[in-house]
Amino acid sequence: MKDKVSEIVKKYNKDKSQLVSILQDIQAEYNYLPREALNKLSKKLDIPQSQIYSMATFFRAFSLKPRGKHIINVCLGTACHVRGGELIAESLERQLNVKRGGTTADGKFTLESVNCMGCCATGPVVKIDEEYFGHMTNDKVEPMLKKY
Amino acid sequence: MSETVTLTIDGKKYTAERGRTVLQVATDNGIRIPTLCHNEAIEPYGACRLCVVEVTRGSRTRIVTSCLYPVEEGLIVQTASDRVIRNRKMLLDLLLARCSENEVIKNLAAEYGVTQPSFRQEYWEKNDCIVCGLCVRACEQVVGVSAISLVNRGISKEPAPPFLEKATDCIGCGSCYYVCPTHAIKMEDKNGVRRIHNWKVEFKLKKCSKCGIYWAPEAQLEYIRRKADLPVGFFDICPNCR
Amino acid sequence: MPSKLKSPKALEALQKKLGKVADAGKVSISVCNGTACRPYGSNPVVEAFKTEIEKRGVADKIDFRITGCHGFCERGPVALIQPGNIFYQKIQVDDIPEIVEKTLLNRIVIERLLFKNDSVGNIQAQVDIPFYKKQQRIILGNNVKIDPTSIEDYIAIGGYSALSKSLFELKPEQIIDMVKASGLRGRGGGGFPTGAKWESCRNAHGDIKYVIVNADEGDPGAYANEGLLSGNPHSVLEGLIIGAYAIGAHQGYIYVRNEYPLALKNITIAMQQAEKLGLLGKDILGSGFDFNVRINRGGGAFVCGESTALMASLEGKPGEPRAKYIHTVEKGLWERPSDLNNVETWANIPLIINNGPEWFSAIGSSGNTGTKIFSLTGKVNNTGLVEVPLGIKLRDIIFDIGGGIRDGKKFKAVQTGGPSGGCLPESMLDLPVNFDELTKAGSMMGSGGMIVMDEDNCMVDVARYFLTFLEEESCGKCVPCREGIKRMRQILNDICDGKGQESDIDLLKELGAHLQDSALCALGSSAPNPVLTTINYFHDEYMAHIRDKKCPAGVCKALIHFYIKDNCPGCGLCVKACPTNAITFVEKRKPVILDQSKCIKCRTCYDICKMGAVGIE
């Protein structure tokens, strides 16, 4: 863990202003922001822990809890909302038996909501890892999940 | 550019140094503008919005926060116009709904005739903190420690220690406690121990080796001693006995 | 990759060389692999093309290009074939051998893949398709001509010639004068005149200045900036370098929304290529002008699109806005003069330099010149990215370009400006779309979202939707925004739940006026817009919720229930689909039975029924 954080900090030349990018790289490495990594980062960058925690909780992109193997993003942007995005989100919650932001008991999926992924024309949209699913309806949810 | 400007506040002309804020100039001249998130020792922040005033510059009149707005030549300020009062009332209405049992907020709201929030009672909350950020800013700007910060955003924003656990960097100085306008920070000194409940910390207090009173947290004294490069044992005696 | 270009002549020579290759009379195909085509499977389509071309060994006969968004995302994956301007839509992997064999190698058009129109039949040429007809694609039109990851493609169509002209033929002041004369107004929402902003920043005190691209596109439901940045990143970069030169900045930033991986990737590649060619970095094109750019990813916060919050976040701090009594062109990033412009604003710059300000100001109407890209989404037939001259009527966009409302439903409202904007009703459809008219109507231009709603959308629900969004996205610093939005959302919740009172409307209006006056930044001061416009234009719908406890659009769950109509043939499709087993099968040709106590109003049966036998009331 030590070395990964050091490496990332080095990549950004210890530049404190790049904190968001640094946190993103740490999250990409560990799938979430582990506490030890943040403490380490605080020392490396000489930024108080409190301020790193403040950043990590301000931005929606960061998770302080471990996340599942697959990340499901259900779009709740306006374009998806007017075409029933909320119902798709509820359907996912039912089938996975987790709330938004939660991870399934088997650690397979984390369900997150986003506000627009830039493909509104095909809404409602769900993205699982790197794959996009457009024109979602409730009955497409189950077959979609089965692929994973 | 001259170093002073002339402006009108509530119909009267005043001269003021350039660079000062409307709030400072008003206060200097005995005009009271209510504030909650302001403290002269700390950078203005503009969060509570209670200090709103109406300013006119040329043909444009608008609502601004006086704690941030710099004085300008020819500026016309109204600190208690109908529009100002209307906005302040609504602010206090909103604050009262958030802090429905806080005495400071209740009294301030009552001053403006707001005795009860306009919102359905089931939604009233019982917070004491108004998220003015003074505690966080004092800790960062005055004390130089940053043991706490504002965490989360939107309606969940609050001052808190990292990871919502014990504030490990805290030195127990109590600045946050003294600066909090709504007494939301609970601090007590008892039996030689200081506790700040909000940040989940406790500190041993230093006992004066002469008079025997507990006079300050050891951690704070050690922090000052190091910063000021004072000799070990410098704080064994309290200021009264020195 | 060509070597470093050390003079304008070298760029010109490269351009000539690349241009010739492009004109060689080969058949060319541009296949869209933009973000919106991906849910339709454009990735496998692109791969299949590559395989097919290789398998047949015809790579030297076909100019194959993977591009960004063509605009007509509704019909994705799409492709454009030249010569002939042939537009294929809804391409599937199975179609590819046939496309290569017939159209690319033998110039035979495949009718099946053309756009069909009920009245006219099949339309072959892209320009003749109603979706494209009323558009004026001066910016987006280039997407189809270039592979966004190839700087050669961009240079071949004249890319970076505006930069070269700026650096060698124009003085910074002249550039600013041209931008001023063009009448260009910022495309990020507020519509502030770009030339004037540049001038203030140039004139501001300080040796170090910054130029910044706002690619945060926070409006949830707009992807116009995404389509531009991922489809033609060099155009934005070129505009930025020109602006830096005009303003006197040597450092730039591009702040990209975190949810846009493709845009992020393509702009990163573009920067690396520009650097390699000497179009970015030290001594650009041998002019002596140095300029560097850093890309920053957002962290998923709408408020970071606001200028001061964006700058705070570039400094490594949480995205909290601050009061702008001292403008950011004077004291912005690191307290230094900073010019921030939207992606689309920047992309307009090379066009103005190349074609002249008169050419630009001839497009649109006076005070609102040029074009604007909108992401047309929601309940229209033709969703996608459209670029129109400012001043065009809403009706033209929604009904001519957008092809009207889906499934023969009735138009109800169009939302522009995102969470800061408003919902406009049918009576406003003849409104010319420009900065001033939209603001007058209580909405906003915003960064280009245009979401069309039909009779099945509830306006109270939409207002609540935006406030729920804003409640989460508010930075939480100032009281009016943090507390006010929460209260407004609670009131709207109550109305949607049938617990509203008539006095709620007045309270909402009062809160709205208060936020407009007192909030710290424009997130808070514009937050009431979705509520106030819906109250203003759809008052009856609010009253139906409050007085009659009914949701006329059939959306608000507490006020509706589902029922089975007599025409249900008992096919049983819904019985299987219902997640709570609330529907029971009786027998064939007899309506199924819905148990209200089990129904969770998830709408699955309503959507799945092919007979329209599920009703909502």
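Going by the order they are written in, the chains are A, B and C; count residues from 1 in each one.
In this text, a contact is a pair of C-beta atoms (placed from the backbone, for glycine too) under 8 Å apart; a residue touches a chain by one contact, two chains touch by 3 or more.
As the structure is a computational prediction, the values presented were derived from the model and not from experiment.
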{"item": "Greatest separation from subunit A - chain, by CA centre", "value": "B"}
{"item": "Comparison of A-B and A-C by number of C-beta pairs in contact, larger one", "value": "A-C"}
{"item": "Between subunit B and subunit C, centroid-to-centroid distance (C-alpha), Å", "value": "41"}
{"item": "Length of the line joining the C-alpha centres of subunit A and subunit B, rounded to whole Å", "value": "35"}
{"item": "Inter-centroid spacing, subunit C versus subunit A (mean Cα positions, whole Å)", "value": "22"}
{"item": "Multi-chain contact residues (two or more partners), subunit B", "value": "150, 152-153"}
{"item": "Residue list for subunit C, restricted to those that touch at least two other chains", "value": "301, 318, 473, 475"}
{"item": "Multi-chain contact sites of subunit A, meaning residues that touch two or more partners", "value": "54, 58"}
{"item": "List of subunit A residues in touch with subunit C within their complex", "value": "15-21, 23-24, 54-55, 58-62, 76-84, 87, 90-91, 94-95, 114-123, 125, 132-135, 137-139"}
{"item": "Contact set on subunit A toward subunit B in their complex", "value": "35, 48-54, 57-58, 64"}
{"item": "Complex contacts: residues of subunit C adjacent to subunit B", "value": "301, 303, 318, 322-323, 325-326, 471-480, 482-484, 486-487, 490-491, 494, 507, 510-511, 514, 517-520"}
{"item": "List of subunit C residues in touch with subunit A within their complex", "value": "35-36, 38-40, 73-74, 76, 217-223, 226-227, 230, 257-260, 262-263, 296-302, 313-319, 375-379, 383-385, 415, 418, 449, 451, 453, 457, 462, 465-466, 469, 473, 475, 577, 579, 602-604, 607-608"}
{"item": "Residue numbers on subunit B that touch subunit A, as the complex places them", "value": "145-153, 161-163, 167-169"}
